Every structure is written in structure tokens, then in C-alpha cells.
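Letters A, B, C and D mark the chains as written, and numbering starts fresh at 1 in each.
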Amino acid sequence: MEDLSKFRGVIPPVIIPLKGDRTLDAVSFERSIDRMIEAGVDGLFFLGSSGEVAFLTNDERDRVLTAALKIVDGRVPVLVGIIDMETMRVIDQAKRVSKHEGVDALVATAPFYALGGPIETERHFRAIREHTDLPLFAYDLPVSVHTKLNPEMLMRLGTDGVLQGVKDSSGDDVQFRWLMIENEAAGHPMQLLTGHEVCVDGALLGGADGSVPGLANIDPVSYVEMWKASQQGDWGRVKELQDHLAKLMMMTRGIKATVGFGAGVGAFKTALWQMGIFETNQMREPVAALQGDDVRYIVRVLRQCGVIPKESLMRQAWD
Amino acid sequence: MEDLSKFRGVIPPVIIPLKGDRTLDAVSFERSIDRMIEAGVDGLFFLGSSGEVAFLTNDERDRVLTAALKIVDGRVPVLVGIIDMETMRVIDQAKRVSKHEGVDALVATAPFYALGGPIETERHFRAIREHTDLPLFAYDLPVSVHTKLNPEMLMRLGTDGVLQGVKDSSGDDVQFRWLMIENEAAGHPMQLLTGHEVCVDGALLGGADGSVPGLANIDPVSYVEMWKASQQGDWGRVKELQDHLAKLMMMTRGIKATVGFGAGVGAFKTALWQMGIFETNQMREPVAALQGDDVRYIVRVLRQCGVIPKESLMRQAWD
Amino acid sequence: MEDLSKFRGVIPPVIIPLKGDRTLDAVSFERSIDRMIEAGVDGLFFLGSSGEVAFLTNDERDRVLTAALKIVDGRVPVLVGIIDMETMRVIDQAKRVSKHEGVDALVATAPFYALGGPIETERHFRAIREHTDLPLFAYDLPVSVHTKLNPEMLMRLGTDGVLQGVKDSSGDDVQFRWLMIENEAAGHPMQLLTGHEVCVDGALLGGADGSVPGLANIDPVSYVEMWKASQQGDWGRVKELQDHLAKLMMMTRGIKATVGFGAGVGAFKTALWQMGIFETNQMREPVAALQGDDVRYIVRVLRQCGVIPKESLMRQAWD
Amino acid sequence: MEDLSKFRGVIPPVIIPLKGDRTLDAVSFERSIDRMIEAGVDGLFFLGSSGEVAFLTNDERDRVLTAALKIVDGRVPVLVGIIDMETMRVIDQAKRVSKHEGVDALVATAPFYALGGPIETERHFRAIREHTDLPLFAYDLPVSVHTKLNPEMLMRLGTDGVLQGVKDSSGDDVQFRWLMIENEAAGHPMQLLTGHEVCVDGALLGGADGSVPGLANIDPVSYVEMWKASQQGDWGRVKELQDHLAKLMMMTRGIKATVGFGAGVGAFKTALWQMGIFETNQMREPVAALQGDDVRYIVRVLRQCGVIPKESLMRQAWD
């Protein structure tokens, strides 16, 4: 059976460029989105964690999404995060997102803030399904929501038509492998995407339907090439590209000023700024833009990986 | 120096009664609030974790708060939770809450969802302060937000006038003791309240300014009496009341159907329903109301603690 | 019923002095033990976490225990840790300890290293009981063994005669309060001791049988006085002493060179060295003795709390 | 440069068969070891977590190792775990192990029980090196020791000649990928082995020097074939074998009676018993052997994966 799904291949979670005043820089946004589409990505995921969804008010989310959809203009499928605390708030986000034309799927995490158990997690996804129409992806992100989605539950939700697929950013490759095997045995009801930038090769070898790598904002071409090589069974080439991308990902781990999101997405924004795609590396409150040694470190990684020319000048402060 | 603050004593986080359709039951809400005020509580905290804030859409939060303020009508100080993921969303909640007349203070947690560090946590509270006018309490709730507020940071924020006080639900009594000692040494800039229902006696002995116990929805009189006894130095009576309340709190720990919030607040709602204060023990999606054996267990605890008469009938299903 | 147990009151976990070559300094050991006994402690606990049990080979444990028992010479009851990974290794330690004359009770944690569940934890204590004769205390120390002992299980083990008592260092004061209440209701089969230095007052108010505070190595007199005041119901005095001890405990939290055990027990050893009770603040491999600013910080705390004279000289490096 | 190291390929951590009385079953031990060597494994790892090292007294460890070395008789390299709490106890284990003829390398975890930081972890491995002569592997097992080994530290220890290699059971494939890349860049000073049974294919694609899979006790042939296929670049075959092994590994996840070690190694022992290699599925105290439905479930997985014939009889209770 041919797989006709539009939710496969490389689907970057889109990072948003900000002006110095921390509002959306629409010009850079267009430049970055166009660049990814021209590189051949198979879809785009807006309002995800890397898209600073947690830092945007509802009105700002609306504005970002409006701008995004206008830029994409139907060129690739669009997935949109409906990230909020508990079920009815998530459904509220879903209703807001669904008013926009051009959204192809919704992406929801497990509920968070109030401690729950497996019964509440499963009911959560079923309730979202009952209140919405668009295809729904489960976003497995225990680092943010402190619940790991159980593969058996995901299979039930997939075969019951609740879920269209899973974006796995759990870092638990054992569970993801089992999920892929059981999804295959059940007739492949779900599209299984890995968000694990550095281990996409292993996931593809294991049968993943694609990837959602934040790092593809910086180097979309290599992720697209890796995906194509995997489809052709050229695993030597896949490994080569993954090694290059793993080295590039090292930009996130030598950051000294802070930890977590500010270091990870902060490094990505700094790279896009230094590459001339963004005009700043500004972040949303309460996160500060990376500076000084951290910027120099990132530039060094970009040069070593050949993403910017070795002799290029470092861009200086933007404000 | 006499302490004139209005944020001390017993300040219950108010649990909300729902109708079978999961919307606010305004009649029971009034009954429960009146009962607590008549018992002598010193304030009320709305839209906290126990108030299902994470489960309410923004519109629903507005409706709950409107109803609450109308019922309270200035009889006691009102604290209101502005619970959301990251800084700008929290400030957005603060603006919405601040439009209401009769709100005396705001209560905010550390940011959550996006992984951060101490720099972001401190900046978060300062940014909220810059964008709001009402007194601000920090809500230390690592079980929900996965960040423990550092006592040294809290002291800086208190002495800088950012924080009016702290509601400590961290369960870390060592850190809370040190915070009380240093707050005292600094001239008592902050009101320090414990949310730790079962250990209020130790906190009061250590110098806490009051408590924010969910269990006071069920037995406000005992918490008020315990507070008064502590003010008179009658620690034998304090212990006696705390032992009674600790036994009553056992209603939350024998629940079989689920874990976490659904067991804890679920038990409180079930008690209020069985006591005739609420008309149901309904919960918000995705949490199910407790049933069967769990209800019988809670009734047994209520009878043993003398909260309902031993020969009382158990209320049956409400839908 | 009069409580005749010898396991109540203040029972310090004994910290061991080392020479520069990291072997036991028997002279300082005697000085420190004598000082605590003269201060009126009700027992001593050897080979606990604070006693560096994890850092001593079996032969070294034997030597420390031999020296300890000779010094104590029956003046107070002696509890001894039988700390090892899983059941049969713990029993092996118990057999080794039981060969010594003068040991009054054994102290064992939950099993660690191999991940287990509640069934294995309960079986563990029952198996130890089957293979040993001395009274057995459960040591609740999740920070080290990553299992919290369940109060219901502890009650079963207490009423079945498996456990003589519990040393609670879990930091979970809610569970400990419930345990005290249920132990009382069951006729007080177990002696319940808190290891929570900074919150002993609350535990005593709640009905604890005593404390096992590492800080009592530094200031045994205040812990003994606090215990006596609590027995007389003088809670104002209890609070005063606890506040003093909480301030003294701050010596452990400003350490910059390292974290965890090296900072905590490292600070205690540094205090004992500066007070002239130990000749060094040496630690066992792989932990380094505190130096420089950390030592100065500890001396400052000791002076502020009046433990050493304000004008005293700081002792300089010992090697 | 040709890699002449003897520590590469498939090196199973050897599971030990017990008699009903929980002592070593030497006959089954020989059968199982011979079977793995005949399947072509490249080495054997004794006294690891799967080998119940935490459950064996020092004397029992000696007996197991004596029996193991006699059976192996130099046919393959032998690695031996020196698992104990803190540095000097680990060195004590190393000395005991080093007295045996035929041991090729030692394997040590980070220190555990006493909370430490990165300084202590690094010093720990350096101290072991100073006190021993055999090649030393670091065993990265945060699930047991609650410390993740930092790749930068591992690279320092590798280039300084402290470590011969790493057995990675951390489940953190991002860090492991980075470690492989940096090890390669540094001239491959360390042998990097994955203990992650279900994701060996991705690790080999990423450049791992081999694997240490507990599941190879059950199906050594498939792991050996997978290794050979990877050396020939036949990634389609690698994936096929890994999928088979991932399905076989499902035997560990449907266990109902317990969790963790008792479910994981318990399932492996039950499989070996049902396959006729072990005479029982007995475990060490405090772990109980799996029974009833759990055994039936494991037999079903073994049949589905073709490891035992579909029509085979299930072996009944052994005691």
C-alpha cells in the first residue's frame, strides 16, 4: 500500500525571529520560511516549543500564525501547536487555531501543571478529538510536561482514529522503536516523527516516517538530503549527513550564560542571526539573548561545520 | 512592631463546585464561601491549583472570579492566581484579573513548560512586577512547575519590593525555615504562608505568617482555631488541632481510581458533596469524579473525624 | 503505658575524624564521642551516611566500629548502620556488625542500585529480620537510595515485629506525620526518629520519639536541651533552640567548591576542626576537604551563632 | 589505522543461573556461556547489573567469577564489574577481582549512595586508575547510580589514559553520538559500547565499537549477525535483525508482578529457563521469580519470535 500521507519527511518546528522590542520580525520570518521551503522541506510546524509558543500571549500566537500562513501560502502542509495546560484550555487553543485557513493538523502535548495519571492523559486526547476536526498529532515531550506518552496508549488512540500521528521528542528510543514496530503491525495507522535532531538516522533506519528537527531551521538542506538518502537505502550517506548535523548541534551544548531553552533555542537564534537570516537573536521574556563568548562559541561551530565561511565577520550587537 | 498586613492567618485556596455539565454551580459556591468567611478565615485565594485554574479557559476564569468577588463583597482580602506558562502569558492573566474590582493581591508561580534556570526565574518575577500594580505573591509549587524557588532569590525579591510574600507549597521545610529566619532578620518584608496542610503547626512554631490550606474548605473552623491558639502560644492545642486535621487529610491518600490532582482535589470535592455543601463532586475534563469505593472511603474518614455524623446517610450519585 | 525504650531522645549520627592520610584519627574520635555523651545525648548512631559508611571498606568499617564501641563502653545505646546495596549484602554487613559486643540495634535502608518496587522493599526488611537478631531500624533516605518508604508498609513491619523503629530522613513531613499518628493508634510499636536537623521542633510537636541530627556533632547541648524542653511542653524554648540550630545549619548551604555530601558533611567536619575537636577536615576519596573561602564562610557562621568566640583565630591548613 | 582492540563486537553481560536455593547452578552456567561463545560473541562481561552483582556478597562474587573464568578458559576476553558504592569500596572490589587469572578489564560505575558532583565523579575514576592495573571501562548507568557521565569528562579520562572505554547504558543517545564523534576526532582512544539492546543498529550506524546487550544471553546469534552485517555495511540486514531483537525484548515490558530489575532480568531468566538453558528462573533476595501469567506471556513472545517452537510445551514450576 502506497503511503499518501502529507505528514512525512522533514517538518521543521519553525523558530520565530524577533525585533529588538521582542515582537515578530515579519521580514526575517518570510526569509527563513522561504529558505526552508526552497530547501525542500515536506511541511512546517508552527507554534511549537521552538516557536516560543509558551512565551506568546493568545493574541500574539494569532499574529504569528496569520503571518506564517500567508507566507507559506499552501506550498507545504502546516502543523500548528495548541499548547496549553489542561484539556479545556487546549481545546480553546484548537478552536482559535482552527479559524485560520490553511492549517492541516493540530499538535497537542499531554496535559501539564496539575499532576495526573494515565487515565487523564488518554481522556485528554480523546476529549480534544471530540471537540475538533483537524488531524491531531500527539507531542511526546516529557522534558516540558513531565509525562511520557505510553506506546500502548498511543496505539489505542491511533487505531481508534483519535491520533493521526506522534511527534516524539521524548528521547526514549526504546519506546519509540517499539511504537514503530507495533504501528507497522497494525497497518501503519499513525505517522511517527522523531524530534530528536541528533539521532534521526537511527530513527529512519528503524522506520520513522520523518523528523521534526529544530536544527533544520539552520541547515534544512542536510535534513532533506538525509531523508532522501534514507528513502534510497543509502545509509552510508545518511550517517555522513547525520554526523555533520550532530556536530552542528554541538552549538547548543557549550553555552555558559544559561541552561535549557535559553541555551538551546537561544543558540539556534544566534546562528540564524549570524548567518544573516534573522536580524537579531532576541528572545521573549524572561529569556535573555545570548551574548559575548556564547556568540563567539556558536560562530566557531558554524565555521567548523562550513555553515558560514571561515573568514566571515561576526555580526555585532543589534541594539 | 505591630504587623498590620492583611495577608496573614488562614487563607484557604477556594475549591470550585461544578454542576453535572462541568460549569460553575454559583449557589454552592456562595454557600461554601460564606461558610469559610463565617468560620473566620482571614482571606481567600481564588484561581489557585485547588481552584482548577489550569482547567479553566480564560473566559471561565473571568466568570469564576466575577462570581467570587460578588460573593465575598469585600468581607475578606482576596488573592487571585495568575497561573500561566511563561512571563508574558502570566502578565496577560494579571491584566485580565486586574480589571476586576476587589482583588487585593496576585499570585504567580515560577515559569513552566520551557526549561529554564535561576536567571529566568528571577527575571520572570521582576518582569511581572514591572507590568502590574497589585501586591504580588510567589507561589512555590515545584510539584506542578518543576522549579523550586531559591530562598536567597526570594529574599532579594522581597527586599527589592518585587514580592509581598510567598505561598510555600514546596514541601521543603528546611528551606522554608531558613526563609523565615532570614525574612525576620531583614525586618520581615514578606508575608510567608505555608500551603502544607498537615504541617501547619510546625510552620507556625517556626514563625510563619499564616497558611493556605486546601483542607480548610472542608474544615475552616479547625484551621482558624489553630491559628488563634498559635497566636496565644497554646501549642498543646495547636498540636491537637493539627492532629485532627492530619487525620482528616487522610481522605486524600487511600484513593484507588487515580492519582495526583484527581485524587487530592477529587477527595476534597467529594467531601464537600457528602457534607451537603456542594451538589456534586464533578471535576473538569480530563479528570473524572470519584465514585464507588473511593466515595465510601472518604465518607468513612469524614465520620471518623466527626465532620459528618456517624449515622448520616451517604449521598448517592448526582447524575 | 510507660515507654521504656532506650531508642529515644537525641541520637547523633557520628561523624568520623580522619588524619591527613584519610585513616581514622582515634584520639579526636574519642574527644568527640565523649563530648556528645557528656552533653547528655541518649544514644549514638555509627556507620551512618554522615559516618562515611559508603566510603569505608568492610575492614575499615570494622576498625571504626571497634574503636567506637571501646570509647562508648556502654555509656549510651549504640545503633549501627548495615548499609549495602541489596538484601544479601546488607545481611552480610549485619553479620559482621553483630559479632561486636555492645551493639544495641541495626539500621538498614531500602535496597538500592537495582531498580525495584514496593514488593521487593518490604521483602528486603523481612529477609533482614529473618537473618539477624538485633532490633532493626528502617532508615528512610530517598536522597541516597531513591526509594521512599511507604508509611503503610512501615506500619505493617512495625506491628509484625520486623522493625523496632524508623529513622526518617526523607524530608517528607506529611508522610512522617501520618506515620506518627498511625503508630500512636496502633499502640506505639515503633520508635520514630527524625533526621531532619532544621525541623526537629515540628517533629517533636507532632509526637516524634527523638531525633538523629548530624548537626548534634557540632552542638549536642542545644539538641539535648531542645529535647528536654519538648518533654516539658516548653515550646517557646523549643522554637528558640531550633532557630539557633537552623542558623547554625546554614554552614552547609553557602559552600561553593562542591555539592551534596562533600558540602554537607564537609562543612560539619570543617566546623569540628575549627572548634578544635578534630585535627583536620579531611574526607574520604573521592571527596576533597573544604578549603579557603568555604572554610572562612563556615567560621563566620560558627562565630555568628556563638559556637566559637568572635575573636578566635581561624585554624590554618593541617597538611 | 587498524583497530586491534579486543574490546569490540558483541560482549554480553552474563546472566547467572540459580538453583532453587538461590545459589549458582554451575552446570547451567557452563551451558549458557558455551552457547554464547559458540555463537561467536567477542567477549563476556561478568558481575554486571544483569549478573546480579548487587545481590551477591563478596564471597559469592568470588565464586561466580572463579566458575566463569574456568568455563571461559581464555576463549574470549573477559570484563568484570567492580560495582560498589564509593571509591575505596570499588578499589577493594578491584583488588579482589584482580587476584583472578584471566580477567582482561574492569568495569566501574560512577560512585553512588552519597550525593556528589562532577568533581567527585572524575576524581573517582582517576583514583581507581591509580590503585589498579587492568584496563578500566566506565559504566554509564544513571538508572542505578543517578549520575550521568558527562562526555567531556569521559574524553578527558580517555585521552589521559584513565579509561579504556565506556559501556553506555544511559539511554541518552544524543550524548553518546557526541561522544563517538569526539572520540573519533581524538584518534579513537576509547572503545565505545552501547548497552541499549533495542537501539544497537543506530549506535552501530553512528560508529559504536560494539554492544553489551543483556538480551544476547537469549539470542546471541542475532546480535553476532547484526554486528557482522554492520561491519559489511549491510544496513538493511542490520535493521531486520534489530527489529527481530526489539520484538524479542518486548518480553520485558508486559510483566505484571513487579517492575524494574525483577521484571527485566526476571524475564530474561524466565526465557532461558523455558528455552532449557537454565533449570529455574530463580532470582536473588529480595526479588521473586516470575510466575503464572508472566511466564505465559514470556513464552508467547518467545514463540512469536521463533526462539522456541510454536508447539513446544511450557516448562512447569521447578520447585
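Everything below uses one rule, namely that a residue touches a chain if its C-beta (ideal position, glycine included) is under 8 Å from a C-beta of that chain, and two chains touch if they have at least 3 such contacts.
The structure presented is a predicted model; accordingly, all values stated were derived computationally and were not measured.
Asks: Give me the set of chains touching chain C intersected with the set touching chain D.
Replies: Touching chain C as well as chain D, we find no chain at all.
Asks: Counting in whole Å, what is the centre-to-centre distance of chain B and chain D, each centre being its mean C-alpha position?
Replies: Those two chain centres are 49 Å apart.
Asks: Starting from the mean Cα coordinates of chain A and chain D, work out the distance between those two points in Å.
Replies: A distance of 35 Å separates the two centres.
Asks: Indicate the residues of chain A shared as contacts by at least two other chains.
Replies: none
Asks: If every chain is a node and every touching pair an edge, decide which shape results: line, ring, star, complete or other.
Replies: Graph shape here is a ring: one loop, exactly two partners per chain.
Asks: Please output the residues of chain C touching chain D within their complex, sorted ascending.
Replies: 49, 52, 54-58, 60, 83-89, 92, 111-117, 119-121, 123-124, 127, 143-146, 257-262, 284-288
Asks: Can you list the chain A residues touching chain D in their complex?
Replies: 171-174, 177-178, 181, 196-199, 201-203, 205-207, 233, 235-236, 238-239, 242-243, 246-247, 249-250, 253
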